[in-house]
Every structure is written in C-alpha cells, then in structure tokens.
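Paired with chain B in one complex and with chain C in the other, chain A is shared by the two complexes that follow.
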Partner chain A sequence: MEDNTIIGKDIPRTDGRVKATGEAIYTDDIKLPGMLHGKLLRSPVAHARIVNIDVRKARALPGVKCIITGADTPKIKFGNWRLFPATQDEFPLAVDRVRFIGDEVAAVAAIDRETAREALELIKVEYEELPAVFDVDSATAKGAPVLHENSPSNISIDRKIQYGDIEKGFAESDYMHEDVFTVHAVSHAYLEPCSSVAQADIDGRITLWTSTQTPYIVQCLLAATLGLRENDVRVIKPYVGGGFGGKMELRPWEFCAAFMARKTGRPVKFTLTREEELACGRRRHAMKLHSKVGFKKDGTLVAKDLKILLDGGAYNSMGPTATFLCGNFGAMLYRYPNYRFFGQHVYTNKPPAGAMRGFGAPQSLFAAETQMNIAAKELGIDPIDIRIKNAMVTGDEIPDVATISSCGFIESLEEVAKMCDWKKKRKNLKNGKGLGVGCYSFISGGVFNWFNTQYPFSSAEIRAFADGTVHLLTMASDIGQGSDTALKQILAEELGLKMADIRLTAADTAMTPQADLGTWGSRVTLMAGNAVIDAARKIKEQLFGAVSAKFNLNVIFDMECRDGRVHAAGKPDRGMSFGDAVAFVQKTNRGEPLVARGSYTPRGKGLVSPAFSFGAQVAEVDVDKETGNVKVNKMWTAHDCGTVLNHMAVEGQLEGSIQMGLGYALSEQFVMDNGRTLNTTFLDYKMPHAMDMPPGESACIETYEPEGPMGAKEAGEGLASPTAPAIAEAVFHATGYRCKDLPITPEKILKGLGKLED
Partner chain B sequence: MKHHIRFKVNGDQYDLAVDPWRTLNDLLREDLNLTGTKFGCGTGDCGACTVMLDGKTINSCLTLAVEVDRREVTTVEGLAPSGEELHPIQETFIEKGAIQCGFCTPGMEMSGLFLLNGKKTPTESEIRTALSGNLCRCTGYNKIVDAIAETGKKMKK
Partner chain C sequence: MSKIQFEYFAPETIEETVALLQAHGEGCHVMAGGTDLLVKIQHRVTHPKVLVGLGKIKELKRISFSLKSGLTIGAMASLADVAAHPKIKKHFPSVAHAAASTANVQVRNKGTVVGNICNASPSADNIPTLLVLGSRVNIAGPDGETRMPLADFFLGPGISALKPGQFVTSLNVPVPETHTGTAYLSLSQRGQLDCSAVGVAAMVVMDKNKCKDARIAVGACAPIPMRTTAAEKMLIGKPLTHKAIEAAAVRASKETKPITDVRASAAYRWKMVAVLTIRALIEAQKNARKQ
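And now, the complex of A and B:
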C-alpha cells in the first residue's frame, strides 16, 4: 500500500495536544453545580451474612445528603453475560451477604469528600461471619463453604473443547510431558482511578460521565439495575486514563452515583482511591493449569490435554469469557491434531477477577510456551526450530472454532531469531546470562455475543459538509490506545481527506450511532474500522454518482477520493473538490445533508474471532545467582499485526506491553492474607519504573488480513503474553531453574537452585 | 481553623483561606480548577500529581496547601507560553508518541522539565532516574525518555 498518504505513517495522536497541556477532561475533572461526593462502605470481612445495618448516626451528620444500602435499591443483579441471566450474580450493593473484603455494602453522598468519609465511619454493620475459601483447591474441595447457592460446587461455569482423539494422540506420542502451572493475579494499575459522575434530569433520566471502556454495556446494565429503559440512560466517556480490561463492566459506584442523583436531585460523583483499586479492584485471573502434551521424536506435536481452574473471586465478572478464551488460546499458535480442554471458573472469597490485557492468553500461553521450551530441551531440538515445525500458517483451521485468514508466525520466529542472532547467542551466553523465547497469538475482537446486543457490533455515522470536512460519529471508545486517531486515519485515507478535515464525536450513547460493544479483546481497529469504511463507501457512492454525472464520465471508469478531490481514477482533472462534490449531492437532494451509516458485525467467522495476530519475543536476562535477582538486558520482538496503520502507535503498544509483561513475570503480585490484600499502594505493588525497562528491538511482519480494515488486525494486547514465558525460559537457560509458578521471584530462584530452604 | 495563604500559581496571585489538612493537589484541582494536575494515588508513588514549587518538582498530593504560602507553584497549565503555542516539551511529547492515555503526561512533563532545567543534555540513565517518581502503564516509558532527550536538544538551540 505504498501510495497511501496516511495509513502506515507515524501519525501523532490527535488528542496529544489536549493531553500535553492538561486540558483533556477526565471524569474526576468534571465538576457540576450542586454536585455531591460519594463514598462506598466496603465489607471488612471475606464472607458473612449482613445481620443489620444502622445508618442513623451517619444520616444525622451535617452535610450528609443521602445514604443507601442494598435494601434501598431495586435489587437487580447484573453481569456482562446478559444472554445467560443465571451468570449475572452481582448486586450493585450487597443484599444480605458479602463475599469478599471490599464488597460494596452502602454508599454515602455528602457535600464534600471529607464528610462522606466521616459518615462511612458512623455506619454500623453487624456481620455474622461465614467460613471462607481463598484458593481454587479449597473452594472445590468436598464440604467447602458455598458462595452462591445456585453454584453448590463453587464452579460457576465450565467449558469443554475437544477435537481429534486425545487418547489416540497420546498413544501415538513418542514423548509426553505433564506439568502443573500456577499463575497469579495482577492489577491493571491504570493510572486513572475509576470515577463516575451522574446527573438526573427533570424526567429522572440519567446522564453518566464515567471512566469506562464500554459505554454501551454500562448504559444497558445501569438502566437494568435502576429499573429504567435503555434510552433513559445516557453514558458519556470523557478521556480515560487507561483501562486494560479493568473498566468494561457496570460498577457499583456507577449505579450508586445514578441512583443517588435521582434520589437527591443533585449530581453525584464517585472517585475511587488507589487503595480501593488495589485492594478491591478487578484483576487478572490467577489460575491453576494442568497441561499434558505429546510429541513425536522429531518434535511434531500430536496431542494436548489442558485443564484449567480459574480463580474467579467472589463473582463471575468477566470470568466466563476468560474461561472460554483460555481454552481457545490453548489451541492457538501450533497445530494440535488432538486437543482437549476443560476449564472451570471457581468462586473464592476474594476480589473478583475480570478481563485484563490478553484475557486468558497470558495464563494459557505461559503454560503452553513453557511446555514448548521443556519439550525442546528434552527432545534436543532448538526452541525456535520446534516452534517453526509446528507453527500455524495462513489457511489453518481449528475445527469449529476458527480459520486463520492471515498468519505471519513463522516469519515472526525467523525474524526474531535473526534480530537477536539467536543460535549463536544462545550457545555463547555464559555466567548467569540466558536467552529465552515466548510467542503469542491473539484475537482481533470476539465474534461471540454473550452480551446479547441487539445492534451491530460496531457502527459509524459520517456527515459530509460542503466545506470539505466530515464529522465521524462512533461509540468506539478510546481509552488511551489511540483508536480515535486510528479511526480518523482510516476515514481520511478512505475519503482522501486530511486528518484535520475530520471532526470526531465518540462514545456518547445519546449522540453516536447504536451501538458498539466497546474496547476489549482488541476489537476496535477491526470492527469499528470496518464500520467506518462501510459508512465511508456509502458516502463515496453518492459522491461518485454526482461527479460522474457532472463530468459525463464513462460508466466503466473507476473513481476515487484523493487529496481532497473526487474524480475519475488517475485523472484528478476529471472531477471536483470533495466539498464541491458534497455540495453537488446536497443540491441534487434539495438540501438533504449527505449522511451515511455503516456497521460491522462478524458473521460466519467461527466461534472466536474474525482474525488472529501472531508474534515471537526473545528475552536476554542476567541472573545474580547469589541474590536471585533477574535483570532483563534486552527484548527482541517480531509480530504480525497485519497492515500497520500507524507505526508509532503500534510501537507504543509493544513497549507498553513489555512493561506490563515484565511486571507480570518478575515483580507484580497481590500479597494476600485470608482474602485481605496487604500491598495496597504502588510502592508495595511494584510495577516496573522507567529504570527497569530493558532496551528493545522490534519488527512488524506485515501480512494482509482480508477481514481487517485495510488489512489491519490486533496489535498490542497479544503482546501481554510472550514476555513471561520468554523471561522464564531465559532464567532457565541462565540457571537451570524452571519456573512453573509465576511470578519469578528471587526467593523462588534461590530455592530452585538449592540455595535457600523452604 | 482556616489558614490564610498567599501564593502564586503560574504567575497568578491567589489569596485563600484553607483548612490545614488540605493538600496542594486538592487546592489546585478543586478550588482553582487547575485539573491538568492529576491525582493517581495520594501516596507520592505515581507522580501524576507532580508540580513545581519554587522551581523544584514535588508531589502535590503530599504537600499541604499551607506549605505553599508565599511561594510559587507551576502546573502543567503554566508551561505553554500561550493558548496557541506549546512548550517544547509538550510539542515533543506529542511528536514522539510519548502520550497514550495521557494521565501521567502532565507529571512526566514536569519531571522531565525539572531535569532539563538543570541539564540540557542528560544521559539516558539520568532521564530514567529523573522519572523514578513517575509511573506510566501505557507507554513502557521509552518514548517518554526519547521525548525528554529530544526536548533538551530543542531547548539548547
């Protein structure tokens, strides 16, 4: 696509200026006349029956305007799997029962934050404590305390995938390996704490400004929990300071803000503290993975049997989707002729785990990639060679699940090997240095509709103006990843306009076309991008017709929009400016504005995703065998994200994912004691700083994804997966310690090396 | 009892009566509507609230409002010379892709600028050290480091 003017270029993000100057308005920056400040009272116990709540003293505190408990609410449960109401297991405020430390019990709205905080201390809750469970083994043991009565086994959902013949596969294998892996929970640690402001208008309708990735989902679920109709709720997403999967559900404070705004007639704002975020916020699922793989002597994969227990915490949250996806990711990357997966989502008395960058892939692929590395070692085959031997290629099918419509995996492996001089370096590294590889495949949006949207998955509206500009309206949600810029780029390229010719209104459920499922699963570029193209082509059809008539063009001529003009293809003089063409269409239609709607809904694309990305990453580490400290010296990455729409943005995604991957592999974890989170500050949570970041080199393997907008697919989320297995293999290469239990801490390394006793 | 404080923010003089427990961050965001300065943790770990006090970077979430009496505060809103022009560090952050969600950006710019005010051509390691009080979850820091190095070169010219 050499003659593109905007696609594939380093286009600075269009919201850069307002973010650089501090003008960008995030939710907590919003202040409305008469606004009240809300605070949540959270459960101090992991599992209990609520015997009594006494709010009288708190209510008497001057400045307190409203206090609500579960009893005051309509008591309607919510959850993202609307298609299966039985999975919707969460009340906005606890009704009779709390299930984790931090479960929301009551809410206060007062004239300022200090008063609201003071009022919380005056609410007396009497709890009758119940036995609690904190890990998947205890929760699934016989006689374990039950969290939800409709799931007596504490398993809320399970998922099976099977193809080929697993027993026959193992019987035909020359070599088998069986391991148990445990991976831990980590925080999204977005910099912007969750915040919401609700305002009720004269009809009791709600406008909610909220830090969300999914305005439409919040709109629907908020309406449902308030007992309102969908259109009675308007959700507006201001600038969002990161989400990474942690802001894609209805949250109790969104409900409380709206409910209390209706009750008081005053706007209500809730902003979480960092302590609340770390102690009670959503997180990546901890999991226990039992995996058995079988190979032929020559390294050909024959079979894989994967069983996963997901530690879901107290509620389903996004766990059902994660359970489903883990099984699919377990079957990705390589050709598994025989595959079996059994995933179970387990309730425990801990903060619920939700979606987080990678959505099941970091866990599933940590196990898969580590076993690839183990097999390579034990079969005496180079880790990259064994991957190339089994790698998926374009056209591969996973029965009933997906067809791989573009795949640059082998090229990624070859490129990353070349970049780091893999074979030579791997042979020559000594003295505590090691080199390891990890790979990923990821989805470009999900094709499943458990939310049960009644609208297209993504939509776009384009209004064209005679002054040569257009207005793009879409519910797609930029949370920092840069989708606003990407969608403008796609539109500018399609209509031959400049970025500055496009005005954008996004993520306002009352103003942008219905609907969009939001930002998750790397769906926005592909799905909203396709919706934009669909709308743009409808605009073009009208422009082409008008210009063709005006210039009496031969009907066989192709036409194009380019450099601000609409003309016969390759003949800029046989046509007119974009604005004049719009004016001409408008005149032809006696004043009707030129507007088009476009949409995208994946159909006939299997069960998982319309497109898959691939990549390979190599880490070089230096392990201090005395202290067990791991220093990552360098990372090399080669990844296939289809057509690169914006190199700078893709690179930014890659570097950000390495930061998160490093933290996942080495330093980040929740330190828990009987359901209580002990490290509730960033100081103790230990996510990587600027000084911890290794230098890196990267390459994009450009493929053309037929289902993607201009050939593009996912970039930056799949990359959450390869870093941990690459570092783990590098640590093994350096020391002989094989990590099957993330994170890789100095203690574990020293114990593994026999230098520290249990 | 409220304390009377008199101080400058971005060159503007303010006379205010403040409760002794209120932080500078709270005062800037709630009373002066200078919401460019963010609040990310309240414990001085993330640096999203970084401002300059008499030319030195501080965490506004850990600084009591009464401490700024007779002193000068610079926030991100005070960096650009005019509504149309940007400060070189702002310009460079945009050009170099150092901004994603933007929540850490004002604090990163303040920390970067403080470093460059003392030294226009810092080493990469000096830049990374200067950012040790600022967290970012989106960018992986590299483009921020590049942007600060590049800004130094621009400011030297």
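And now, the complex of A and C:
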C-alpha cells in the first residue's frame, strides 16, 4: 500500500498532547454547580441475608442530601446478555441478599466526599450470615450453598463446542497428554478509577458522563433499571484512562448517580478509590482447565478434549461470553481435527469476574501452549517446528464457529525464530537461562449478538463542509487504545484529507449515530473502521458525480479524492478542491448539507468474529535457582495484525500487552482470605513497573484481511496471551520446573525444584 | 471513621517543636517528608489531631561529615539529597545506595532517611544497612538532647522507643574502620520498585583473611529490623571461609521470626535469609578488600 499517504505511517496520537500535559478532561475532572458527592456502602460479609438497614442516623448527619438502599429502587435486574434475560442476575443495590465482600448495599449523596464517607459509618446493617463458597470445586460440590434463587446450582451457564469424533481421535493417537491447569484472577488496574457524574434535566431525563467502554450498553441498561425509555438517557464518554474490559457493563454507581440526581435535582458524582477497585472491582476469570491432547508420533495433532470451570464470582457479568470464547480459543492456532469443549461458569462468593484483555484467551491459551511445549519435549520435536506443522492457515475453518480469512501464523513463527536465533540460542544458553515460545490467535470483534441490539454493530456519520473539512460522528469509544486516531486516519486516507481537516465527536449517545456496541473484543478498528469507510464512500459518490458532471468527464473514468482535491484518477487538474466540490454538491441539492451515514454489521462470518489475528512470542529468562526470582531478559514478537494502520500505535499495544502479560505470568495476583481481598493497594498488588519492562524486538507480518478496513485486523488484545506460556516454557527450559498453576512465583519454583517444603 | 481534620504547625526551632509536642500530647504527630504519614492519614490508619511539620527548621536539612564525628543526616534531608551527596557516596556508599533504591523519584524527593527510620517499618530498606554500620539517632525532647543506638530504637512494627515530647533530629553514622565492607540485598516479587519481602545487610571488617568484626541485620523477617548477633559471633575472629559463612547464614535464619503475609510465606523468608546472608557476606568481604 505504498500509495497511501496516511495509512501505515507513524501518525502521533491525536490525544497525546492533552493527556501528557494534563489538559484532558476525565470524568472525575467534571464539576457541575450544586454537585453532590456519592459513596457506596459495601457488604463486609461474603454471603448473607440482609435483615435490616437503618439509615436514620446517617440521614440526620448535616450535609447528607440523599440515602438510598435496594428498597428505594425499582428492583430491576441488569446484565449485558440482554438476549437471554435469565442471565441478568444483578441488582444495582442489593435486594435482601449480599453475595460477596464489596456487594453494594446502600448509597449516600452529600455535599462533599468526606461527609458522604462519614455517613456510611452511620448506616447500620444487620446481616444474617450464610455459608459461602470461594472456589469452583466447593461451589460445585454436592450440598454447596447456592448463590442465586433462580439458578438450581452454582453452574449458571454452560457451553459446548464439538466437531470430529473425539473418541476416534484419541484411539488414533500415538501420544496423549492430560493435564489440569489453574490460572488466577488479576486486575485490569486501569489508571483511571471508575467515575460517573449524572445530571437530571427539568423533565427528569438523565445525562451521564461516565468512564466507560460501552456508552450505548450503559444507556440501554441504565434506562431499563431506572424504568425509563432509552432515549431518556444520554451517555457521554469523556477521556477514559484505560478499561481493558473492566468498564463494559452498567455499574451500580452509574445507576445510583442517575437515580439520586433525579431524586435530589442536583448532579451527583461517584468516583471509586483504588482500594475499592482492587477489593471489589471486576477481574479476570480464574479458571480450572482440564485438557487432554492426542498427537501422532510425528507431532500431528489429532484430538483435544477441553473442560473448563470458570470462577465467575458472585454474578454472571461477562462470564457467559468468556465461557463461550474459552472454547473457541481452545480450538484456535492449530488444526484440531477432533475437538470437544465443555465450559461451565460457576458462581462463588467473590467479586465478579468480567471481561479482561484477551477475554478467555490468556487462560485457554496458557493451557494449550503449555501442552504444545510439553508435547514437543516428549515427542522430541522442536517447539517451533511442532507448531508450524499444525498451524492454521488462510481458509481454515472451525466448523460452525469461524472461518479464517487471513492468517500469517506460520510466517510469524518463522520470523520470531529468525529474530532470536531460536535453534542456536536454545541449545547454547548458560545454566539458569532459558528460552521459551508461546503463541496467540485473537478475534477482531464479536459476531454473536448477546446484547440483542436492533442497530448496526458500528455506525459513522460524516458531515462535509465547503471549507474543506469534515466532521466525523461516531459512538466508537477510545478508552486509551488510540481508536480516535485510527478512525481519523482511515477517514483522512479515504477522503484524501489531512488529519487536521477532521473534527471528531465520539461517544455521545444523544449526538452520535446509533449505535456502536463499544470497545471490547478488539472490535473498534475493524467494525467502526468499516462504518467510517462506508460513510466516506457515500460522500465520495456524491462528490464524484458532481465533479464528473462539472468537468464533463467520460463516465468510464475512475475518480479519486487525494491531497485535498476531488478529480479524475491520475489527473489532478481535471477536478477541484474538496471544499469546492462539497459546495458544488450542496448547490446542486439546493442547500442540503452533504451528510452520509455508514454502518457495519458482520454477516456470514460464523459465530465468533469476522477476522482473526495471529502471532508468536519468545521470552528469554534468567532464573535464580536459590531465590526463585525470574528476570525476563528479552522478548521477541512477530505478529500478524493485517494491514498495519499505524506502526507506533501497534507498538504501543504490544508494549502494554507485554507489561500485562509479565504481571499475569510472574507477579500479579489477589491474595484472598475467605472471600476478602487482602492486597488492595499497588504496594501489594504487584503490577510490573516501567522499570521492570524487558527490552524487546518486534516484527509485523503484513497480511491483507478482506473483511477489515484497508486490510486491518486486531492488534490490541491477542498479545496479552503468549507472554505467560512463553515465560513458563523459558522457566522450564532454565530449571526443569513446569508451571501449570499461574502465577510463576519464586516460592512455586523453589518448591518445584525441591528446595522449599510445602 | 470520622472526617480527616487536624491542626498544622510549622515551628522554626527544635525547642518550639518539643514545646508543641508536649503541649498537644497524644494524637500529635511529627511530619518530615510526609510520604508515609499522609498516606496513612488518607487511609484512616493514623488519626492525628495535630501535625507538626519540620520543614521550616533549617538545621534539620543539614548533612555533615567529618572523620572524627562521622556522618550526620538531619531529619529533613531527603532520600534524594542523601543518595546524591558526594561525601556519602565516597565514605558510605551503601547508605547512598539504600537511599537511592528507596521507592521512586517522587518519593525520594519528598521522603527522608530519618522519616524512613521513624516509621519503624520492619521492611524499611534503609534500616538494615544503617544497623550494621552501628548508627545512632539523636533525639530532642523535654529533657534535652539524647543519643540512642539505632539497634535499640525499634520496639515493634510501627513502634519506636521515642517517649512523649521526643522526636529524632538527626542520624549519626560513625566512620567505619579501614578494611570494612558492607552490602545490602533484598527480595520482592516485583523487580525494581517494591517493598521488600526479605532484606539482609552485612558488614565485615577484615584483617587479611580473618574477620575482625561482623554484623548482620535482617529486614521484614521479625516485628522489627533486627541484628542476628549469634550469627555474627560465629564469624568474629575467624577466617571468612565459605563454610563459616554458610554456617553463620543458617544461624542468622534461625534467629529471625518471620510470618506469612501477602508478600511471602514464613518458610520462604526463612530460606531466603540464609541465601541472602551468604551473598551479602561474600559481597561485603569483596567490598572490604577494595579498600
């Protein structure tokens, strides 16, 4: 694509300067006249019946303007899986029962945060404690206390995927391996804690500024829980300081802010503390994975049987999606002729697990990639060779689930091997050093319509002006991943304009076109990008017709928008400036503004995703066999994200993924005691720092994804998966300790090496 | 959990400070850099009624050095000042290093070495090194100036030997004998910037191959940062062979009383005290030879 002027170039992010200087306005920066400050009272017990709540003393505290409990609310349950109302299991404030430490019980709005906080202390709640369960085994045991009245057991959802003949597959296998893996919960640890401000207008309609990835979903679910119509709720997304999947649902404080704003007539703001985020916030699913794989002697994969128990915490949250996706990711990367998956989502009395970067893939692929490494070792085949032998290629299908329309996996494996000098290095490393490989495949947005929207999955509106500028309106949500920049790039390229010629209004549900399902599953570039292209092409149709007529061009001529002009292809003089062309179109339409709507909804692409990305990563580690400390010396990555729209942006996603993968593999975990999270600050929640980042090298394998905008596909989430299995294999290579139970802590390594007793 | 509310005083002399501490009694806290105290207040762990900030007392910022009286670090000397001080880097490299590797740039610019000591945290990274160097704290109080060995200063987690009305004005580190070497090693689950799960400092004074004096201090493995004196005694007057070092390290480990907490298990800490003590003694011995 050398012809491009903007796509594939290192375009700096359009929001970089305001964020670096602190000028960017985040939700907590918003201050409205008369605004009240909200605080949430949370359950101190893991499972209990609420006997009584006495708010009289708190209400009497000077400065307290409003206190609500579940009893004051319309008691309407919510949940993202609107297509299946039975999965919607959460009240904005607890009704009669609490199910985890942190469950929201009451809300206070007061003249300042300190007063609200003081009022919480004065609310007296009487609990009758119930037996609780804290892991999937005890939650699924016979006679276990059941968390939800309308679910006969703690298994709230199950999903199956099956193709081929699994029994025949294992019968034909020369080599089989069966393992149980456990993976842990981790925090999104976005730098901006959740924050929401709600204002009610004279008719009681709500405007909500909120730190969210999914303004449209929040609008719909908030309206439903308040008993309002969708159009009575307007959601605006200011700058968002990261989400990683943790901000894609309706949250209790969004409801409370809106409900109390209507009740008091004053704006109400809630901002969570870091301690609340870590103690009670959404987290990545902990899982127990039982996986059996069968191979031929030569390393050809024959069969895989995967059973997963997801530790969902107290509510479904995004668990249904994670349950399905685990099974999908378990079937990705390699050709499994016979495959069976059974996933069960289990309620436990812990903070609910939700979506988090990779959404089932980091867990499922940790098991899959570790088993590939085990098989390679036991069959005497190089770990990269065995992967190349079984790798998916363009055109592969997972029956009834997905079609792979572009795939640069083999190229990624070959490239990463070349970059790190794999074969030579792996043989010649000194004692205590190790080299390991891990791979990933990921989706570019989801197909399955669990939200049951009647709108297109992504939409864009373009308004063109006679001064040569355009206004792009979209509900696509940039939460820090850089999609505003990517969408502007796509539009600028399509219309032959400069980045500075584009004004962007994003993610205001009352002003931008319905709808966009939000930022999750790495869907924005592909889906909103396609919607932008669709709208831009409609604008071009009009411009081309008018300019062609004005210059009396032969109808067989191609037309183009380039360098701020609209003209016959390759003949810049046979045309006019973009602005003049817009004015000309408007005049031919007797003053009508030049506006176009575009949209994208995936169709005929299976159940999962319109496109899949692939990649391979190698980690080199140094393990101190006396202390168990692991130092990651270097990471090499080669990945296929289709056409690279912006190298700097892809690089940024890669580095962020490695940082998260590093924490997932080595240092991050929740220390829990009977449902209570003990490490609720960044001092003891060990997210790696900038100084802990290893150096790295990366290469993009460019493929062209036919379903993607200009050939692009996912680049943001998939890379969260390969780091942990690559490091785990490197640790095995260095020490002989094979980790099947993340994270890889110094104590586990020493125990594995027989140097520390259990 | 009531509202955060306190009075704030910024005295200009040590005498004024003592008078304020006496006048307000319990609930009156001294603040140096505030990097720990303000967080504790915000988290409702500490509920001061009165804060006395030391920032306006000029003499407390001072760092001085002479061969006779050693190094004196004022209560308001920041970690960054200590880390960058040329005399400290030359004569007490391990003190400069401990300050330089405490927390991050922002904390080092505000936080102080003396404040780190007065917090009396068992895991404070500056303390083990200062313990093995035989440091003393200078204390001002209603009965005038007193001096106390640092080893006697810690009574429990967050509890120091300071009496009502007293505060630490400075820290004194004596000049070590020639052929002295020190080293400090720590472990935590996250690499560079973390609160230690185990920390060990060692100091040896060498007379050719013989160990004239030895000190070992362990952090985060007991209610206080502690010296392991029995282990030290095993080394003093003997050649520092690897065997002797190993035996002392095992002994040091036995002297500690670690617990299991969010950062590590007791079993791991015990094991690591031995590993780190061996390494610290070897490094200290190397450093001693450099002189």
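Everything that follows uses one rule, which is that the second predicted complex is superposed on the first by the 758 of 758 C-alpha atoms of A that agree within 3 Å, B and C clash if a C-alpha of one lies under 4 Å from a C-alpha of the other, contacts with A are read in each partner's own complex, and residues count from 1 in each chain.
Following the convention adopted for this analysis, a contact is a pair of C-beta atoms (placed from the backbone, for glycine too) under 8 Å apart; a residue touches a chain by one contact, two chains touch by 3 or more.
All figures in this text were calculated on a predicted structure; none of them were measured in a lab.
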item	value
Touching partner for A:454 - first (chain B), second (chain C), both, neither	neither
Which of chain B and chain C A:674 touches, first, second, both or neither	neither
Chain B versus chain C as contact partner of A:631, first or second or both or neither	second
Touched partner set for A:659, first chain B, second chain C, both or neither	first
Touched partner set for A:691, first chain B, second chain C, both or neither	both
Chain B versus chain C as contact partner of A:683, first or second or both or neither	both
Of chain C and chain B, partner touching more chain A residues	B
Touching both chain B and chain C, residues of chain A	275, 683, 687, 689, 691
Of all residues in chain A, those that touch chain C in their complex	114-115, 117-118, 120-121, 275, 626-627, 629, 631, 666-667, 671, 678-679, 683-684, 686-689, 691-692, 745-747, 750, 755-757
Parts of chain A lying in touch with chain B, wherever the complex brings them together	10, 12-13, 15-26, 28-29, 31, 188-193, 239-242, 244, 273-275, 479-482, 648-649, 651-652, 654-660, 681-683, 687, 689-691, 693, 696
Touching residues on chain C, where the partner in the complex is chain A	1-4, 43, 187-195, 262-265, 267-268, 271-272, 275-276
Residue ranges of chain B touching chain A (in the complex, touch as defined)	29-30, 33-43, 45-46, 48, 75-77, 79-80, 86, 90-91, 93-95, 97, 99-106, 109, 125, 127-129, 131-132, 134-145
